[in-house]
Amino acid sequence: MHTPFHRCRPTALIATLALAGAAHANVSVVNQAIAESEVIAAQQAWCQALTGISAANDSGGQPAAKALAEKVIDTAYGYQMGAVLFKPTLTTAPQTFRTTRAGALAYFVGGDPAFPKDSGFALKGWTRCEVANAGIFIAGDSATTMGKVHLTNKKGQVTTVDKTWKFVKDDTGRLRIVVHHSSLEYAGT
Amino acid sequence: MHTPFHRCRPTALIATLALAGAAHANVSVVNQAIAESEVIAAQQAWCQALTGISAANDSGGQPAAKALAEKVIDTAYGYQMGAVLFKPTLTTAPQTFRTTRAGALAYFVGGDPAFPKDSGFALKGWTRCEVANAGIFIAGDSATTMGKVHLTNKKGQVTTVDKTWKFVKDDTGRLRIVVHHSSLEYAGT
Amino acid sequence: MHTPFHRCRPTALIATLALAGAAHANVSVVNQAIAESEVIAAQQAWCQALTGISAANDSGGQPAAKALAEKVIDTAYGYQMGAVLFKPTLTTAPQTFRTTRAGALAYFVGGDPAFPKDSGFALKGWTRCEVANAGIFIAGDSATTMGKVHLTNKKGQVTTVDKTWKFVKDDTGRLRIVVHHSSLEYAGT
Amino acid sequence: MHTPFHRCRPTALIATLALAGAAHANVSVVNQAIAESEVIAAQQAWCQALTGISAANDSGGQPAAKALAEKVIDTAYGYQMGAVLFKPTLTTAPQTFRTTRAGALAYFVGGDPAFPKDSGFALKGWTRCEVANAGIFIAGDSATTMGKVHLTNKKGQVTTVDKTWKFVKDDTGRLRIVVHHSSLEYAGT
């Protein structure tokens, strides 16, 4: 059974170190700060999830893609906190924002009559996903990134989006997305 | 002279309260939590700044607009922290992201040869700015909002953008924008 | 069954509110800020736990007290984060600090040969516990209190300690003690 | 001239780095996380301040000590935030807690009729100050330490205290003490 009180925070480093100028004492160190490397890893995990859902769709159809998407949403997003501020790339009013888990799932894999315009963004046969960060801002208990994400489909066509993610650490030390704003590049005039 | 060490945090409530079940003691309370009302006020201030810069441009020309824009950027954004993650509505690669103060200023009022495509977004004669939030997420030391912002120009034309702002409190208690992602609505297929 | 990804943060207010100056939109609001009332409640819960363990000891002996103490430590402290900075009132070197769950449990109910000086602070027949805060500091993702705590035993004798607690919110919205420094009042010269 | 809006956060690393799997882009990185090394440095600075005030008292008398103590309080503590939760080692009720700057200053150097029992802790001829941490807890926007501090006076006598400090970063990147609980070791029975 899951016991919330004894699980270990993976990122909480329990280290012993000797302090200069003092008796060599054992020091318990808990460090929950978000490292830049964790942020980069979380972005890569998102990319792998997207191409993974596309692959699951190819091999097992929408039900397989949906099952994987649910797992991704439940482990990588923060919907269990009450809401996520999610503006997907291709949504339109009045369903632009997907603050609920159901809205996110519908966006990624479609098939939800409550979101009739959603055909499933993650089903578009993405084979490659690359992140090119413009900035990373780690502040206190959150980290935010902004930059381009380049998505390549099976035909080799590349879609580039401007993307912002805000991550926080949950009690197990996992980074979770609590804000996600994605938009097509401005086409210019 | 301004001495940074004695200034008072306006939002730090120093209150005295009586505790039930204890001698009626004076309690010093400092509360730096971000209130939802502060978030709404910061959004309104951004709107007023935008229409204010447009008005300054009408009455005093670009130099007046620029002077006001500099003041707005220096009081409402967090560029002094090192960088702001700013994706304005109408920028294009390779200058999509404006992580520097100069890039933000150029976007709002133009006139900077280093950003040749910028004609000055705040000079477009905006007379009205309305925020319609989809979500507000207050977590620890930051608050993020996501929603529609409706901008009306002098001809009565309305431009709607999807906008995300992340605010943090500075040492004086002022909310500052450290992340700002704005994008035109997806046109659909 | 309890699944960690769908549980609701009790303190995350999911509210809908109408915004002035905008279409009356539904807004998802998640507010994880620590309220002063939550801090006061957590202090009261600690007091009730202490007198509760004393009562359990009276009625069921040390095993009953220990069982309750374990429950209290697992729900009110943050040992699952890796360590708690705990300096109990009556400990001495080299076991002054109880950064582990075992050290905290031994302090409260004794009976652990690894902590031979511990006779069980919570077994001292406490019948009353009152908090008189000197200050409360809520900052970002934590809240700290400092003040006097008055403990009364069955004989009516009062022990007063100076106590500091730092609380953080876990993913379920519960405040947990991550720092606890308690000391007898300075006797003067 | 130095204007607060252009100053650089010393700890905000503005770095450029090449991302694997992407065009070699310049990335603005702001990292405000509190590093363990910063915490250790802040503790050492406190120790140096204490012995420095003692030395100033020896060479220039109480006025010199007071001038230095004011500077230390204004740069190392967070009184400008509204209050500091400070329980000095040797204070007694009803002036146990020094939540105001005046109370802290009186404790360190005495001479304030409003705090008649204060003779000036920092005037006791401290020549050495050593920190032996039991634990360091870095969480989000604060860092807390707990451990022994050994103070040696001119006669070579050592006083050991149990000490808790909570630090937060101000807008310039400096760690400031917002909680400080110091107590003599429990004498035992």
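Brief remarks on what is shown
Lettered A, B, C and D in written order, each chain numbered from 1.
Here, a contact is a pair of C-beta atoms (placed from the backbone, for glycine too) under 8 Å apart; a residue touches a chain by one contact, two chains touch by 3 or more.
If you want to know which protein each chain is, UniProt gives these names: A, B, C, D = Phosphoribosyl-AMP cyclohydrolase.
All values reported here derive from a predicted model rather than from experimental measurement.
Over half of the residue numbers found at the chain B and chain C interface occur in both copies, marking it as a same-residue contact. Comparing mean CA positions across the assembly, the chain most remote from chain D is A. Remark: among chain pairs C-D and A-D, C-D carries the greater number of C-beta contacts.
Distance between chain C and chain D, defined via averaged C-alpha coordinates, is recorded as 25 Å. For the pair chain A and chain D, the distance between mean C-alpha positions equals 38 Å. Touching of two or more other chains is recorded for residues 28-30, 32, 81, 83, 99, 134-135, 137, 139-141, 147 of chain C. Of all residues in chain B, those touching chain A in their complex are 81, 83-87, 89-93, 96-97, 99, 134-135, 137, 139-142, 144-148, 162, 164, 166, 168, 178-179, 181, 183-186, 188. By the touch criterion stated above, chain B contacts chain D in their complex at residues 3-9, 12-14, 28-30, 32, 74-75, 79-83, 99-101, 140-141, 170-171.
Note for the complex: chain B touches chain C at residues 19, 21-23, 25, 27-36, 40, 44, 130-141, 147, 150.
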